[in-house]
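Below are two complexes that have chain A in common, paired first with chain B and then with chain C.
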Partner chain A sequence: MPVLGYIVSFLAFLSALIALIALIYGVYRQDEKYINVGRRSLHAVFFLVVTASVILTMLFLTRDFSVKYVANYSSRDLPLIYTIAAFWAGQSGSLLFWELMLAIYTVVVLWRYHENYKYTPLVAAIMAGVNVFFTFVITFLSNPFETLDFVPADGQGLNPLLQNPGIWFHPTTQYLGYVGWTVPFAFAMAALLKNQADDEWIRKTRIWSIVTWLFLTGGIVWGGQWAYVELGWGGYFAWDPVENASIMPWATGTALLHSVMIQERKNMLKVWNVSLIGLTFFFSILGTFLTRSGVLISVHDFAEGALGRYFIAFMALIVIFAAYLIIDRAHRLRSENAFEGLLAKESSFLVNNILFLGIAFATFWGTMFPIISEVVTGQRPTVGPPFFNRVNGPIFLSVLLLMGICPLIAWRKSAMSKLGRNLFLPALIGTVGLIGFLLGLGRIGVAVTYAVVLFVATSILYDLFKEVRVRRGYHPEEGILRATWSMMRIRSRKYGGYIVHLGVILMAVGIVGSTAYKTENTFTLSEGQRASFAGFELEYQNLATEQQGRQTIVSGNLTVYKDGRLFDKMSPAKVFHGEEQPHSEVGIAQAGFDDLYAILAGFEEGQFATFKMLYNPLVNLVWLGFYVMLLGGVFAVGGSWRLRRAARAAVLQPVLAPAAAAPPSQGEG
Partner chain B sequence: MNLKFTKKHQIAMGSGVLVVAIGYLLISSLFGTTVYYYTLDELESKKEVIATQEKIRVGGQLDKESVEYDPAGPVLKFRLQNEDGSIKLPVVFNDIMPDNLMKSTEIVVTGVLKEDTFYAESMLVKCPSRYESEEEELKEPK
Partner chain C sequence: MKTLLRGSLVALLLWSLSLSWPAPAAAQSNALTELKGQLICQCGCNLVLASCQDMMECTVAADMVQEISEQLAAGLSSSEIVQGFVARYGKPVLAAPTTQGFDLTAWVTPFLAVVVGLIVLYFVLRQFVEYGRQRLADEAAEPRLEGEAAERFRAQLEKDLKKYV
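Coming up: the complex of A and B.
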C-alpha cells in the first residue's frame, strides 16, 4: 500500500503539471478543448490527492510501521482519535494536508464559477501552478509514504505534547487559514492578466477571504490556547517566530478585508488591494515554510531539509510574478475617484491599512532581523517579546481607537459639527471611564486601553441605536428588538463586522488584564499544609500515582478554598514515559473569567511537593472574545449568502429598500 | 503666500506622518530591546568586549551530568558546553525545570554574565526530536 501511495502522489503531480500546461495553452489559444483537458486534470489531482490521504489514514489505522512516517508518529497504544490526527503531526503529512485542502478548494472554485465567471480557466491555471508546487513537494521532497528497510515492532508514538484536543483544532484551522488565500490571489492575478480593472475579483472572493481570515484567526487563538494548557508556562502568546509567521498574513489579510470595501464603494485603492492580496498570499507561503523549515529558533522546531531551497524559489516566483503584473498593469488600475476629505470613512480605512501594515512589517522585521543581520554583519542581534510589545502594543491600541471613531464618521466627508455631535456621547463615556480607571487601577496603560474599549463599545452601540431609530421611522409597527434584528439582518456585513469588533475589544480586555495583573509564586508544601495565593487558600492533600498504559502519572492533589469555603480541586501532574524526563500536565481552576493555574514543579513522595502557581486574571475573555469574533464572521458570511440567494430569486429590491432609504452617513462600516 | 493644499495632499501628508511615526516607534524599540546572540566559542573569545550586566543570548549544549535542580527554590543549575565539550559555562536559572531539558540538543539562554556564571532570566530548549522524530531511535525487532 505505501507503494500505491507513492504512485498516487506522483500521478497527482503529473496531473497538476498537465493541468497547468493545458490551461495556459488553452487560455492563450482560447481553445475550449485544452481548457477542458486542464479542468479534467485538476479533477484528477483532487481524486488522487484524496486517495493519497485515504491511503495515509489507512496506513495509520492498520499500524503499518514499515512506513517511516507512521512509525515516527504513532504506536500500537495510541488512541484512535490521535491516530487519525497523527496524519498532520509531522512535516510530510502536514504538507499533504495543505495540498489536500488546496485540491478541494481548486475543484470547488471550478464548480462554483464554472458558468458565472468568464476567467475561471485562468484562475484555475494559477491555482494549478500552486498545486504543481505542493504535489512536487509531497512527491519528491517530503513524501509521507517513504518506507523503512525493516519493520519495527512498534512505532515511536505521538509526542505527548501533541496528544491534546488542540491537534484537531490548531494545525487544521491554521493551514486552512493559509491555503484559503490562494483563491483570492488567483482571482486577483487573473483579473490583472486580463486587464480587468473592476472589483469583480473582490466580489467573487469576498466570502473566501472572510472564511479564510476566520480560520487564520482561529488557528492563532487555538494555538495559543493549546500552548496555554499544554506547555506549562502559563502564557498563550510569546512572539515565537512561528507565531509571528501567522501574525503577518493575518495583519495584511485584515487590512485587505477593510480596504476592499473602499474599492467596492468608490473604485479606489485598486493597486493597493492587489498588492495586499499578493502580500497576504506570500506571507501564507512564508508561514508554511517557517513552520516547516527550522530556520528560526522556535517552539515549533522541525528538522531542516532540502525543502527550504524549493520554498524560497517558489516564494521568489510568487513575488516576481505578482510584482511584475502589478507594476505592468498599474496604469490601468487608476482610481476612478479621489479622497474627498480627511474626515471620511475612507480615510479611517486608510489609517487602518497603514496600522495593520505597520504590524505586519514590524513583526516581519523582528522575526527576520537575526537572519538578515547575520548575513550582512556576521553578528546575530535578536529581539524578543519586549520589542514586539513595544512596537505592536501602541499600534494595536491605535487600531482599537480607530474602531471607535470609524462608526461615527460618514462616507465621502463629514462635517466637523456632525462628527462632534456623534462623538459626544462615546467620548464622554470614554473620558469618564479613563478617569475612573486611572483612579481605580492606577496603571496608565491599562486605564487607557480600558477607556478606549468603553469608547468603542459605546460608539458601536450608538450607531446601531441611530439606525434602529431610523428604521422604526419607516416601520413603526416593529418593536425595538424586532427592529434591531431586522436592521442587523439587512446590514449583515456591517453588523457582522461590528460583532467581530466587539469580540476584539473583549479579547483586548483579556490580553491586557492577563498580562498586567498576572501574579505567580512557588510553594513547597507538606501534606495537609496550607498557603494563600491571590486571595485563595491552597491545601496540599497528597500525591497520587496512576498507571495508564505505558505512562505513569503522578499528580499533586490541591484543594482550593475561597473565603473559607471549598472552591475547587486541582491535580497538576507529571507524566512519566519510561526513562525519559516527564512532562507536565497543568491544573486549571476557573474563577469567573480568571484562571488559577498550577504546575507541579517537583515532589518527594510522602514528604512534600512544590507547586508553581499562577493567577491569570481575565484570560478567559481572550477565548470568549474569539468566539464572539467567530460569531460575527459567520453572521456576515450568512448574510452575504442570504443576499446572494435573494438576488438570484430577484427579490433583492424589496429586501434592500429600507436600507437604501437610510441616510448615506449610515453606510457599512 | 498661498498655502492651500488639495485634499490629495492632505491625505498624503497624513499618511506620511503616520508612516514616519510607526517607523520611529519601530527603530526606537529596536535600539532598546536588541539582544546579541553568541555561541559559546564566540563568547569565550569576546569575553572582554562584552560588558557585564549587558543582556545577551548564549546558545550551547547541555552538559547532562551537571544538572542540579531544587524545586523548592526553584533553582536550576547546569553547565552549557560547546560541541566538543572544551568550553563550559555554568548557568543559574531561578525557575522550574523545563520538561524537555534532558532531551535537548541545543539550549538558548537569555540573561547576564556575572563573574563567569550566567544568570538566565529565560531559556529556550531546542529539541528536534520533539516533533520530528529521529530514525535511529526506531529499533529493529530481534
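Coming up: the complex of A and C.
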C-alpha cells in the first residue's frame, strides 16, 4: 500500500503539471480543448490527492509501521480518534493535508464557476500552479509514504501534547484559513492577467474571503485554547514564531475585508486591494514555511528536513508574479479616486488598513529580527512577549478605538459638528468608565482598554438605536425588537461586522483581564488538608492511579469550596509514558468567566501532594468573544448569500418577483 | 431620557469603582513578576520564566526564579539582577531586544512604519478629496431636474426608503 501511495502522489503531481501547462496553453490559444484537458487534470488531482489521503489514513488504521510516518506518529495503543488525526500531526502528513484542502477548494471553484465566470480557466491555471508546488513537495521532498528498512513491532506513538481534542479543531481550521486565501488570490491575479479593472473578483470571492478569515480566526483561537490546557506551549498566546505566523495573514486579511468595501461602493483602491490579497496569500505561505522550515526556534517545533529553500523559491515566485502584474497593469487599475470629504467612513477604513498592516509588519519584523540582527551584528537576540505586547498592544488599542469611531462617521462625508454630536454619548460613557476603572482597578493600561471597550460597545449600540428609530419612522407598526431584527437582516453585512466587533471587544476584556490579574500560588497539602486561594477553599482528597494502555495516570483529587459550599472537583494529573518524561494534565474549574487552574506539581503517595494553582480572571471571555465573532461572520455570510440569491432571482424573474430585487448596496452598511 | 442617562452613568461609575480582583501583591513580588516576564528560561524552551514556570514545571526556571528572589531579598535592584543574568548567559537571556545600538531599530521600526503610513495616507486622502471637489463642481454645472420630474424622483425615493429601510 505505501508503494501505491507513492505512485498516487506522483500521479497527482504529474496531473497538476499537465493541468497547469494545458490551462496556460488553452487560455493563450483560446482553445477550449486544452482548457478542458486542464479542467479534467485538476479533477484528477482532486481524485488522486483524496486517494492518497485515504491510503495514508488506512496505513494508520492498519498500524502499518513499515511506513516511517506511521511509525513516528502512532502506536498500537493510540485511540482511534487520535490515530486518524495523526494524519496531520507531522510534517509530511500536514503538507498532504494542505494539498487535500487545496484540491477540494480547486474543484469547488471549478464546479461553482464552470459556466458563470469567463475567467475560470485562468483562475484554475493559477490554482493549478499552487497545486503543482504542493504535490511536488509531498511527492519529492516530504513524502508521508516513505518506508523504513525494517518493520518495528510498535510505533513511537503520538506526542502526548497532541493527544487532545484540539488536534481536530486547530490544525484543520488553521490550514483551511491558510489555503482559502488561494481562491481570492487566484481570482485577483486572473482579473489582472485579463486587464480587468472592475470589482468582479471581489464580488465573486467575498464569501470565500469571509469564510477563510473565519477559519483562520478559529484556527488561532482554538490553537490558543489548546495551548491553554496543555502545559509546555506557554499559555494561550505566547508570541511564538509559529503563532506569529498566523497573525500576519490574519491582519492583512482583516484589512482586505474592510478595504474591499470601498472598491465595491466607489470603484476605488483597485491597486491597493490586489496588493493586499497578494500580501495575504504570501503571508499564508510564509506561515506554512515558518511552521515547517525550522528557520526559527519555536515551542511548536514541527520542522524536519530542508524544505526551506523550496518554500523561499515559491514565495519569491509569488512576489515576482504578483508584483509584476500589479506594476504592469497599474495604469489600467488607476481609478478616479474621489472622496467628498476627509472625514468619512472611507477614510476611517483606510486608517484601519494602515493599523492592520502595522500589526502584520510589527509581527513580521519582530519574528524576523533575530535573523536580521544576526546578519548585521552577529548576535541573535530573543524577541519574545514583552516586545510584541509593547509594540502591538498600542496598535491593537488604536484599532479598538477606531472601531468605536467608525460607526459614527457617515459614508462620503461627515461634518465635524455632527460627528461631535454622535460621539458625545459614547465618549461620555467611555470617560465615566475610565474614571471608575482608574479609581477602582488602579492600573492605567487596563483602565484605558476597558474604557475604550465601553466606548466601542456604546457606539455600536447607539448606531443601531439610531437606525432602528429611522426604520420605525417608516414602519410605525413595528415594535422595537421587530424593527431591530428587520434592520439587522436588511443590513446583515454591516451588523454581521458589528457582531464581530462585539466579539473582538469581549476578547480584549478577556485578554487584558487574564494577563493583568492572573494570580498564582503553590500548596503542599496532606490528605484532607485545606488551603485558601483566590476566594476559594481547596481540600486535597487523595491520589488516584489509573492505567490506560502504556500510560500510567496519577491524579490528585481536589475539592473546591466557595463560601463554605461545594463548588467543583478538580483532578490535575501526571501522565507517565514508560521511560519518558511525564507530562501534566491540568484541572480547570470554571467560575463564571474566570478559571481556577490546577497543576499537580509533585506527590508522595499516601502522604502529600503539591499543587500549583493559578487564577485566570475573565479568560473565558476570550473563547466567548470568538464564538460571538463566529456568529457575526455567519450572519454576514448568510446575508450576502440571501441578497445574492434575491438579486439573481430579480435578474431572472423581473416580472414574477420584483419585490425580491434588492439594490446591491443594501446590507452593506 | 436625561434622568435615565444620568442614572446609567452613576450606575456605571459605581460598578466600575466596585471592580476588584485579588489584591495587588507586595512590592518585592511585583518586581519578581516583572523580572519573570523579562528573562528567558535557559532550559531551551524559549519561553519567558513566568510561562515556563507556569507551564513546564521546569527545574531550571525554578532555580532561576529562586535566585532572583534571593537577590531581591538581598537588596539588589531589578537592573542589577538583569545585568547579572546577561553577564552569565549573554543577551539572548533577555526576552526583548535592548534599546541600545542596532537593537533600537527593533523598537522604532514598527512605529515608524505606522506613522509614515498614516502621513502618506493623509496626503493621499487630501488628493482624493481634491478630485472629489472637482467632480462635484463639474456636476453642479450640469442642469438640474425641476418641477414634475424632480417630484417624481422624490416620490420614488420615499417609496424605496419605505421598502428598504
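Throughout what follows, the second predicted complex is superposed on the first by the 645 of 669 C-alpha atoms of A that agree within 3 Å, B and C clash if a C-alpha of one lies under 4 Å from a C-alpha of the other, contacts with A are read in each partner's own complex, and residues count from 1 in each chain.
The rule we apply is simple: contacts are C-beta pairs under 8 Å (C-beta built on N, C-alpha and C of every residue); 3 or more make two chains touch, one makes a residue touch a chain.
Computed from a predicted model, the values in this text were never measured in an experiment.
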Clash or fit (per the criteria above) of chain B with chain C on chain A: clash
Touched partner set for A:354, first chain B, second chain C, both or neither: both
Touched partner set for A:73, first chain B, second chain C, both or neither: first
Chain B versus chain C as contact partner of A:201, first or second or both or neither: neither
Touched partner set for A:428, first chain B, second chain C, both or neither: second
Touching partner for A:156 - first (chain B), second (chain C), both, neither: first
Partner chain in contact with A:113 - chain B first, chain C second, else both or neither: neither
Partner chain(s) touched by A:60 [first = chain B, second = chain C, both, neither]: neither
Partner chain(s) touched by A:440 [first = chain B, second = chain C, both, neither]: second
Which superposed partner A:470 touches (first chain B, second chain C, both, neither): second
Chain C-contacting residues of chain A that also contact chain B: 232, 297, 299, 338-342, 347, 350-351, 354-355, 358, 361-362, 365, 369, 379-384, 386-387, 390-391, 395, 584, 599, 601, 612
Chain A contact footprint on chain B (complex, rising order): 7-8, 10-11, 14-15, 18-19, 22, 25-26, 29-30, 32-38, 57, 69-74, 95-97, 99-103, 108, 110, 122, 124, 126-128, 130-133, 135, 137-141
Interfacial residue positions of chain C with respect to chain A in the complex: 5, 8-9, 12-22, 24-25, 37-38, 40, 45-48, 51-52, 54-57, 91-98, 101-103, 106-107, 109-111, 113-114, 117-118, 121, 125-129, 131-132, 134-136, 160-162, 164-165
Touching residues on chain A, where the partner in the complex is chain B: 68, 71-73, 89-91, 148, 150-153, 155-156, 159, 161-162, 232, 294, 297, 299-303, 338-342, 347, 350-351, 354-355, 358, 361-362, 365, 369-370, 379-384, 386-387, 390-391, 394-395, 522, 524, 580-584, 599, 601-603, 608, 610, 612
Partner chain C, residues of chain A touching it in the complex: 231-235, 238, 240, 268, 297-299, 336-342, 347, 350-351, 354-355, 357-358, 361-362, 365-366, 369, 373, 376-377, 379-387, 390-391, 395, 425, 428-429, 432-433, 435-437, 439-442, 450, 454, 470-471, 474-475, 490, 513, 517, 519-520, 534-535, 584, 599, 601, 612, 614-615, 617, 662-663, 666
